[in-house]
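Shared between the two complexes below is chain A, which has chain B as its partner in the first and chain C in the second.
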Partner chain A sequence: MDLAVMGEYLPRFGEAFLLTLRIGWAGIALSLLIGLAAAFIRHFKIPLLSGLMAGYIELFRNTPLLVQLFFIYFGLPKLGFTVSPELCGAVGLGLLGGSYMAESFRSGLDAVPPAQSLSALSLGMTRRQLFVHVVLPQAFAISTPSVVANVIFLLKETSVFSAISLMDLMFTAKDLIGLYYDTTECLVLLVLFYIVMLLPVSLLGRKLEKKFEFGRSGT
Partner chain B sequence: MESIITDLGFDVLFKGNNAMRLLEGLLVALRISMIAVLISLPLGGLLGVLMSLKRKGIRFFGRLYLEIIRIMPQMVLLFIVYFGATRAFGLKLSPELSSLIVFSLWGTAEMSDLVRGAVQSIPRAQYESSAALGMNTAKTYCFVIVPQIIRRILPNTINLITRMIKTTSLVMMIGIVEVLKVGQQIIEANRKSSPNAAFGVFATVFLLYFLACYPISLLSRYLEKKANG
Partner chain C sequence: MDKKNEVILTIGHLKKSYGDTEVLKDIDLEIKSGEVVVIIGPSGCGKSTLLRCLNGLEKTDEGRILLHGEPVDPKSAGIFRMRERIGMVFQSYELFPHKTILKNITLAPLKVQKRKKEEAEAEALALLERIGLSAHRDKYPSQLSGGQKQRVAIARALIMHPELLLLDEITAALDPEMVREVLELVLSLAKEGRTMLIVTHEMAFAEAVADRVIFMDGGSIIEEGTAEQIFHYPKTERLQRFLESLKFD
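Entry: the complex of A and B
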């Protein structure tokens, strides 16, 4: 392993790392928004929309991100929706993640025992107070571990972005290996950057899981 | 009607044996996932049982293996095995063999964690009651413990199959000609005659994957409900 070579490659990997992070976190933010909206729609069984969301969730949970990205990036332009690779990556990740987040949030909402709502109402709380002060905090605590697991899953899924010609970490590694054959150096850098990206979130997830354990003993 | 089909680029599917080729491409990916699952189930089961024993050495290395496999994206693992093995051991692995190694390693890790969790969740009273009834160890495991473990891990194990199918779509990135690659070839070959083929072909691939995974997801959910209820 040649440290000088690795030093030389470092800036290119750094740039790719930032690009991956930027698109990854944009996609995750989008997935949280989509997931929350879909979970509320499903939980309150809003007619029509609820069925639509169920279809969306099943479709995106049962197909690989790579296929979704190919469809959005190469297929949709034929209908007149052309998207840049960056936007495609973020939207694709957001749609995939949204379907997973929706299930996490919904299982949190559904897991709050009915006695909690009944007790709150009998104490004279309004529906709004009930939802904001009783249901949401408990649902949030219950769904946090699986939301964090989804975040880690989505960060790992960013590794397919190179398929739509985004110059992410995988793209950079493959490109440099093809050009100069410094395979070992490139693979080590690749692994190190992914560890930097994933380890903090993974550790944070474990901490949060302990902190929110009360959410699961509620029943 | 016919013009809509052409406008959306679905017409290429009816040319020659294009539809058949797409299906065969899907089968390439499905075959890799099935072989990986068949390898992962027994190995993961064994590792899971070993991990549930209170042996510090085994637990440490098992845990290390699990964490390393879990934190790395499967795409990175594929690159490490496919490019790295050539460099490290001087042997040239085919893309197929590399992907089988990676997905088996990953499947084994996931499976072992499921089995470990299930074994540890069986209450001590189950063993003690069996002993009190005069059952020997073999009978206890055969009739009391293992059936409960299987019941508990079955939904997630079936779910692992769909995860495996979805993950094997990555093999196109190391050059295996599977459904996405075949799709690209079809689009390329019909560039002039069906300019909109990209929509029709990739929509079809999308649907094919859904049709492959959705029934398995439903089965997993049904079994989970049954196990809980």
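Entry: the complex of A and C
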């Protein structure tokens, strides 16, 4: 392994890292919004929309991100919309992630025991107060581990972005290997950058789980 | 309390069914201010359902429930105001696991009654002092014993200043050695003249605390009277059999 070569490639990997982070987190932010909305709709069984969301969730959970990206990237221009690769990546990740986040949030909402609602109602709380102060905080606490797992999964999924010509970490590694054959150096850098990207999320996740420990035990 | 004879809760011709099963068959009952009424009866006789109907947690099919002449109706917009006036404590405590003990007690006064934080906290701390749990104010429910949790649940109901307190088998989930600390708290509330409707399987406690005991079976009130009448001179055969079934000799 040639450290000098790795040092030379560092700036390009650094740029790719920032791009991956930018699009990855934009997609994750979108997935959280979609996931919350879909989970509320499903939890409250809002007519019509609830069925629609169920369809969306199954469609996106059961197709690969690569296929979804191809549809957005190559399909939309045929309908007259042009999308930049960045936007396409973020939206694709957001839609895929939304379907996973929806299920995480919904299982959290469904896991709060009904007796908690009775207890809040018996204190005179309105449905809204009960949801905001009693159900939602507990549901978030319960969902945290699976939401964190989703975030990590989604950040790793960004590695298919290269297929729509985004110069993410994977693209950069493959590109450099193809040009100069420094396979080991590039793969080591690739692994290091993914770890730098994901380790903080894992650690933060563990911290959050600890913080929410009380939300999951003993009433 | 000198308003002892004023009727505060009136239940008239209350009926409720789950599908084809009638769980409450034409219940009539009045509760006076300061009175402690205990309901006993076999499992599934409708006593817990009755309690839940009284603060609108269950819909009724027929009949009426009036608190100071105002209807308790789960379908009305005023039901939240009515529930505020009727406290309830559950068998499984149902404290809020994500809030500290102090915040469990102050949540409803702050959000529902919009009381000032200092005032609500001061009262909550006084209540914690009374139930002997001041040192636990910043702990979470999962760190407390069952008996401690149930005392917190009672404090959480008391801070709302309810006109009527409903206690639904509040010692049924407790280890035997914790039953006493909870029942002693309830006894002290009775001495203060709190109006309470209590469902319990603790017969000795029922006898000690009750001004009036009601025996329910199969969704109906079968017999009612003073604790002495009910426990020592039961009139109906069903009550005699029920009391007999609790004995071991």
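Quick note on the criterion: the second predicted complex is superposed on the first by the 217 of 219 C-alpha atoms of A that agree within 3 Å, B and C clash if a C-alpha of one lies under 4 Å from a C-alpha of the other, contacts with A are read in each partner's own complex, and residues count from 1 in each chain.
The rule is simple: a contact is a pair of C-beta atoms (placed from the backbone, for glycine too) under 8 Å apart; a residue touches a chain by one contact, two chains touch by 3 or more.
The shown structure was predicted, so the numbers you read here are calculated from the model rather than taken from an experiment.
Colleague: Applying the document's definition of touch, where does A:Gly51 land relative to chain B and chain C: first, second, both, or neither?
Modeller: Neither: A:Gly51 stays clear of chain B and chain C.
Colleague: More residues of chain A are touched by which chain, chain B or chain C?
Modeller: Here the partner covering more residues of chain A is B.
Colleague: Could you tell me if A:Met170 is touching chain B, chain C, both of them or neither one (first, second, both, neither)?
Modeller: first
Colleague: Based on the superposed arrangement, let me know which partner A:Gly14 touches: chain B (first), chain C (second), both, or neither?
Modeller: neither
Colleague: Regarding the shared-chain residue A:Gly124, is it in contact with chain B (first), chain C (second), both, or neither?
Modeller: So A:Gly124 only meets chain C here.
Colleague: For A:Gln68, select first, second, both or neither according to whether it touches chain B, chain C, the two together, or no partner.
Modeller: Touch partner of A:Gln68: chain B, not chain C.
Colleague: Need the overlap of the two footprints on chain A, from chain B and from chain C, as residue ranges.
Modeller: Looking at chain A, the two contact sets are disjoint.
Colleague: Looking at the complex, which residues from chain C come into contact with chain A?
Modeller: Counting only chain C, the residues touching chain A are 52, 55, 57, 80-81, 83-88, 90, 92-98, 107-108, 111-113, 140-142, 149, 156-157, 160.
Colleague: Which bits of chain B are touching chain A when the two form their complex?
Modeller: 8-9, 71-76, 79-80, 83-84, 86-88, 162, 166-167, 169-170, 172-173, 180, 183, 187, 195-196, 198-199, 201-203, 205-206, 209-210, 213-214, 217
Colleague: Which part of chain A faces chain C closely enough to touch in the complex?
Modeller: Its residues touching chain C are 115-116, 118-126, 129, 133-134, 137-138, 141, 212, 214-219.
Colleague: Of all residues in chain A, which touch chain B in the complex?
Modeller: Interface residues on chain A, with respect to chain B: 58-59, 61-64, 66-68, 70-71, 74-79, 156-160, 162-163, 170, 173-174, 177, 183-184, 187, 190-191, 194-195, 198-199, 202.
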